[in-house]
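Each of the next two complexes has chain A plus one more chain, namely chain B in the first and chain C in the second.
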Partner chain A sequence: MSASSTLLGTGRAPLGLLVPVLAVLTAALAGIALIAMLGVPFRDALESFVDGTIGSPYAISVSLNRSVVYALIGLGFILANRAGLTNVGGEGQIAVGGIAATALALQHGVGALPFGLAFLVPLLGATLAGTAWGALAGVLKARIGTNEVISTLLLSFIAVWLVYWCVQSTALLRQPMTSAATLPESLPVPEATQIPLLTGDAAAPVTAGLLAAIVLAVVVALVLTRSRFGFQLHAVGLNPTAATRAGFSYATTVVTALAIAGAFGGLAGGLMLLGEQYSLRAGFSSGYGYDGLVVGLLSRGSVLGVIAASLLFGFLRSAGISMEMGASIPTALIQVMQGLIILTVAGAAYWLDRRDAGH
Partner chain B sequence: MNAPVTDAKSSGALLELDGLTRRFGAFTALSAVDLTIRAGEVHCLLGENGAGKSTLCNLVFGMHPPSEGEMRVEGKPYRPVGPRDALAAGIAMVHQHFSLVDEMSVVDNLMLGRVRGILDRRGWARRLDGLAERYGLALAPFARVGDLSIGERQRVEIVKCLMLEPRLLILDEPTAVLLPDEIRSLLGVCRRVAEEGAAVLLVTHKLAEIREAADRATVLRQGQVAATSEAPAREIERLVRAMIRRDLDTLDSAMAATLGVAEAGPAEKPDKPKPAEIPAGPDVLQIDNISQRDADGATRLNGVTLTLRAGEIVGLAGVEGNGQSELGLILAGLRAPDSGRLFLGEQDLTGRKPTAFTQAGIGIVPEDRHRVGAIVDMSVAENIFLNRTGDFTRFGLLRRQAMYDAAAEMMQRFDVRATGPDARFGRLSGGNQQKAVLARELTAPGLRFLLAAQPTRGLDVGAVEAVYALIREAASRGVAVLLISSELDEVLTVAHRIAVIYRGRIVGERPSDPRHRNAIGAMMAGQAAPEEPAISEKAA
Partner chain C sequence: MTAALLAVFIGSSIRLAMPLLLAAIGELISERAGVLNMSIEGMMLAGAFGGAVGAWATGSPSLGLLVGLLAALPVALIQAFLTVVLRANQIVTGLGLNILVLGATTLAYREIFGARSRETIPGFPAWTPPLLGDIPVFGEAVFRQVWLVYAAIVVVILAAFVLRQTAIGIALTAAGDDPRTLERAGLSVEALRFGAILMTGMLAALAGTFLSIGDIHTFTEGMTNGAGYLAIAAVIFGNWTVGRTVVACFVFGAATALQFQLPAIGLDVPNALLIMMPYLLAFLAVAGLVGRQTAPRALATPFRR
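Coming up: the complex of A and B.
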């Protein structure tokens, strides 16, 4: 991994920018080729692609909301990764965030809180739940050396099944069973607890989560490049022994870093629930955590990279849904393109690192 | 002096290197080297660290291809693409790092990869005995390699090579890990191998060894042949000049010691700071009965007790692997001892965190510079202030510019040469890395004790001198220094007092005086210190 601490995260800005752009172009070409092979007229495909992404204020808003989730997971990922940690638990952190947000929003009285506390309190709860979920992996690592890749992944499985449990049991969050057809999901959260829309217009439902993501991106960039805490993360990530000798506590650093990554995931889960879905359903996190991990990986440690990759993934996901509905192109196509982007970028990164190590 | 090329047919040239060049990226490690090695000679390859000695060996042994130039074995072109080709051509090499399986016996190690089907251990043991007799390499065939001393393990490596009946035996810095006695016997082996008609290429930077064993010598400096000698024993001075571009007379005794010329070279100069006068400051560091076991339950430290006074440099001599590393980690606060206590002044530091150690005034120059001493992927400035980032922090933000400015000053003061404070630490030479670490540790506020563990390992001569000067300067302002070293000459030169560690125990203590050299050497080897005649008689 690149060691320099510029905003771009790599000391070779021209190549660092060129590689992802080329990767996306390659993937786009491959996607077009696949569409041609499916026999779908190119114009239909393009039309539904545009419809789903930038064709309307609604499409743009929905895509942006998706990007916000990706960006938060990606930001948490690169922060922990600065300390040499790989948080693959975004999915679970989203899930516990969603549970906490739902539970608090449905709590009697929360919907009546003034000054926006009605949605801030559930959001805070979601963030804290994610924090705990991340910190747990941190403690396991610091105390008994459990690899965080394993522990965060397994904690994700637990969290995803916790959601199932919550929506299956009326003792937990399932809505009251009025008939045999009552769906296994929670009651919708009160309107006061829903995240306000920036436009105030349901035709362009981009939420205040976008603002939160922008502010947090700036904060993370500052922390990583300018703060002493960022230095501590970097030092521990590069050489735990030397960092310990210099007075940075390994355990504190690891737990804090994973807790912060978890907090970002929990917040993302809260935003998904209170800003878009409004009721807890099984599998509501639907892979955002894993895609967000990929966003973090693709960014190669830079905040700008996270922003670019999360926008790309957010809009691509919208495009996939729209192309499936509008032009009968399987969404799997978008996943193939994402996979190609990952392969190209990872391959180029590997090649660049080897070239750098070569002299 | 740059004309080592001789006619292959007339002189029995075994290996000829012709314009051999090797580049790594933009760096030229070896530049147009011409060299001839003849059958039946011990050829010494001299040079400071980084002069290209190891690169040359690796090219000959087929580990890297040359960038330019060619090699010939007995006049025929030789282009190895791997060690296998080298072995097929009769070229064997003993590397600095051994490749032995500790859990297996000597014979099993010899057979490793060379036998199929039924194992004929007795037959191999007989072959081993034959070689032992021929070359004077005594080895117990069925001893477990893990139980052998470093010198014996090296013997196993040499026997592994000799079993192939090589025409050229390459030994890459074989004496760096050996005790004085072992060095002598190794040089004897080299002589016998040469007498049998094979050639030996002996890589070293110790001049005393050349005097004893070399038929011819080649000096490398910055990847080029700086001198060759047909009679190295008589031309030591010229070789030193070529090696370090300086006269032997102007070397201070510390440097002479690292080169190994102190004992064999011109008489020691009287201006040497007499180490005998031990400063009688107050006690600073007290290591009290410290014991430590490793993960396997083996005792690594066994009741180590040592007290250091202010202004005193205590040398801890010992062959590597006798508990020095474990003691170093404990003194750095990175491990708590299993039992025993550690005091700095009145303060009990046992089991405290590294931060507490630093605050109490303990500075550490660790033996593993890259793992413990520094973060190679960070800048020089960040490494110099690694433990003092708080000084440059305001509202949680790190003021990098201020830190880099301060670092530039430190780099000037400690003569750390780099392209700038933002240079990557890993790009610095070993000497500059060590000076940067020393800059950090020596400028810690309230420094009272400094641990310098193997501080000059891998450094070139100029840097060694600088490191000694910094250590002495620290002692002269009242810092107690513990110098852990496996180089007996180094401790004899720098320390006031010498303690010897063997198998995790302090087995003896002597004033630092060359006249105790044999006694200390014996203790390092685990023998009881011989009865010493009164020093005054011995000095005669």
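Coming up: the complex of A and C.
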């Protein structure tokens, strides 16, 4: 497989590009029809859509931060998917990443560490927690053949409720109860542990996470196309038996691939916590992991596809929030649009696959 | 725990387990045929919504039930068409449908009910079977249930019989275990899987209407709130058999009932642990700590002729 085909996906340009464009257009038309049905003036809707996405440096920054989370989950997904694995565990990997980041950032002395270690240490902890969460599914798959779709899905639910547990119990991460009104959330993390803003300006709060995501996107593209490990993933994905005969360890490949996917999820969770939320709350992962999985699948294994889909989803999520606040359009409208995009592209894979098989 | 408290606990465990059981048996049928049907959450929500709107508009919970079944039908048809005919990724279509149904029902609910959202919706009354209701202490508390509870028991027995004893049940299992051989034997894997998904849709819709017009007589946005995923966990913990899935549903139902009873009993178990327990149990099961797990071999794999 050549480098360009991995960057652009196995689908060649015309149809591979046409499908997502048509899907987005269909969804946009449905959205417009629904706005008309709701009786909201179209101008108001459009105005708040633009306001929430590209209307201000703030809106662009927040949307980019969201896209970074989607991109990280999507990149981890396509890497593991190259070995034939489906990581449904992004949501849980984000959750354990957030827990680890919070626990470390609130640790006495971490906030006083020099050279950016104050945020790098919690971020590393988040990544390791995600790695462990992903590797667990890999070990089960390698040792007793547990379907990773099922194990990662269950691990996601467990992790999401672990977050809930952490913020409900003062013995864990809940802030000290000073009154009955004390919210079930952690203390805010110290300022030194927060991810630096690229602009240094709170009016455009895009974090250094964006740089990390860009670097990792290039690394994943290179690993998948140019490295021995990328070849190993591909070999195991195509035919585990043949790959084993060729000297690749199936167990090592599976565990490593899922561990890496988990690491990306954990990092994403750490970035969400230390770059945006600043204190741990129940349900903070709020579906980012599942949307990220969809980003990975819609990309059809291409890094450029992940970038495009994560930008689309990141800006769409912002648009939904803005339209709810600015024009009283329920975010449910964006959910309908997102659902339509997912179903259209998932269904169209039939024609894309058939054409790929035909050449 | 006093006998009266225990009776209430058993009664509410049954009430909470039943919608889960209907959905889980539906999910089991799909999974046995090789389809990991994540859209069960959306099917349940569509059923709950249709049931509520139907009962509210006609004033009859029975017609509501019918509307609930009809509302889940398009969800099941789309899931079946995309995964069986177009061989799309089952997990993606499931997640896509769930978010679509969540959005669509929320929008429609606000449009239809709007300010009237506090209006009660006619629902099924609770009913006590003769004789059983006369048992002291336990009779009323345990057996006074919506008739759907008793219907669910019949559905489960029927499903167990069909899966185990009939040709179609065996063919269904083959579609999930070894579709290639089934195809060679002259049966259509596609037809079996398509039918299984529609069946799942109907049972999930029944479970959904149970929530909206059987249990609490109202609809709230996103009211299934993960019940569909809980049903999937029950099937996994149930090792893809009817008997163990039933046990799983009752254990999960009891765990939920316990959350509400804890203050009354005075036990100090973290609430989070009880909510998490079903998923933890299911995970321990697939991790091989609760005997051998045997998932259908072709689960979540599209069939290509």
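Keep in mind that, in the parts below, the second predicted complex is superposed on the first by the 347 of 359 C-alpha atoms of A that agree within 3 Å, B and C clash if a C-alpha of one lies under 4 Å from a C-alpha of the other, contacts with A are read in each partner's own complex, and residues count from 1 in each chain.
What we mean here is this: a residue touches a chain if its C-beta (ideal position, glycine included) is under 8 Å from a C-beta of that chain, and two chains touch if they have at least 3 such contacts.
Since this is a predicted model, take the numbers as computed values, not measurements.
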With chain A superposed, do chain B and chain C clash or fit? fit
Under the superposition described above, what is the C-alpha centre angle at chain A formed with chain B and chain C, rounded in steps of 10 degrees? 70
For A:I334, using the defined touch cut-off, is the partner it touches chain B, chain C, both, or neither? Pick first, second, both or neither. second
Looking at A:L162, would you say it contacts chain B, chain C, both, or neither? Reply first, second, both or neither. second
Could you look at A:L153 and tell me whether it touches chain B, chain C, both or neither (first, second, both, neither)? second
For A:A28, using the defined touch cut-off, is the partner it touches chain B, chain C, both, or neither? Pick first, second, both or neither. neither
If you stack the two complexes on chain A, which partner ends up touching A:I214: first (chain B), second (chain C), both, or neither? neither
In the superposed arrangement, does chain B or chain C reach more residues of chain A? C
Is A:G247 contacted by the first partner chain B, the second partner chain C, both or neither? first
Where does A:M37 make contact in the superposed view: on chain B (first), on chain C (second), on both, or on neither? second
For the superposed model, what is the least distance in angstrom between any CA atom of chain B and any CA atom of chain C? 6
Of chain B, residues touching chain A in the complex: 24-27, 332-334, 353-355, 358, 364, 366, 371-378, 382, 386-387, 389-390, 393, 396-398, 400, 424
For the complex, which residues does chain C have touching chain A? 36, 78, 81-82, 86-89, 91-93, 95-104, 106-107, 110-111, 221, 226, 229, 232-233, 236, 270-273, 275-276, 279-280, 282-283, 286-288, 293, 295, 299-300
Would you tell me which residues of chain A are touching chain C in their complex? 34, 37-38, 86, 88, 140, 144, 146-147, 149-151, 153-155, 157-158, 161-162, 164-165, 168-169, 290, 293-294, 297-298, 330, 332-340, 342-343, 346-347, 349-350, 353
Contact footprint of chain B on chain A as seen in their complex: 3, 222, 226-232, 234-235, 238-239, 241-247, 249, 358-359
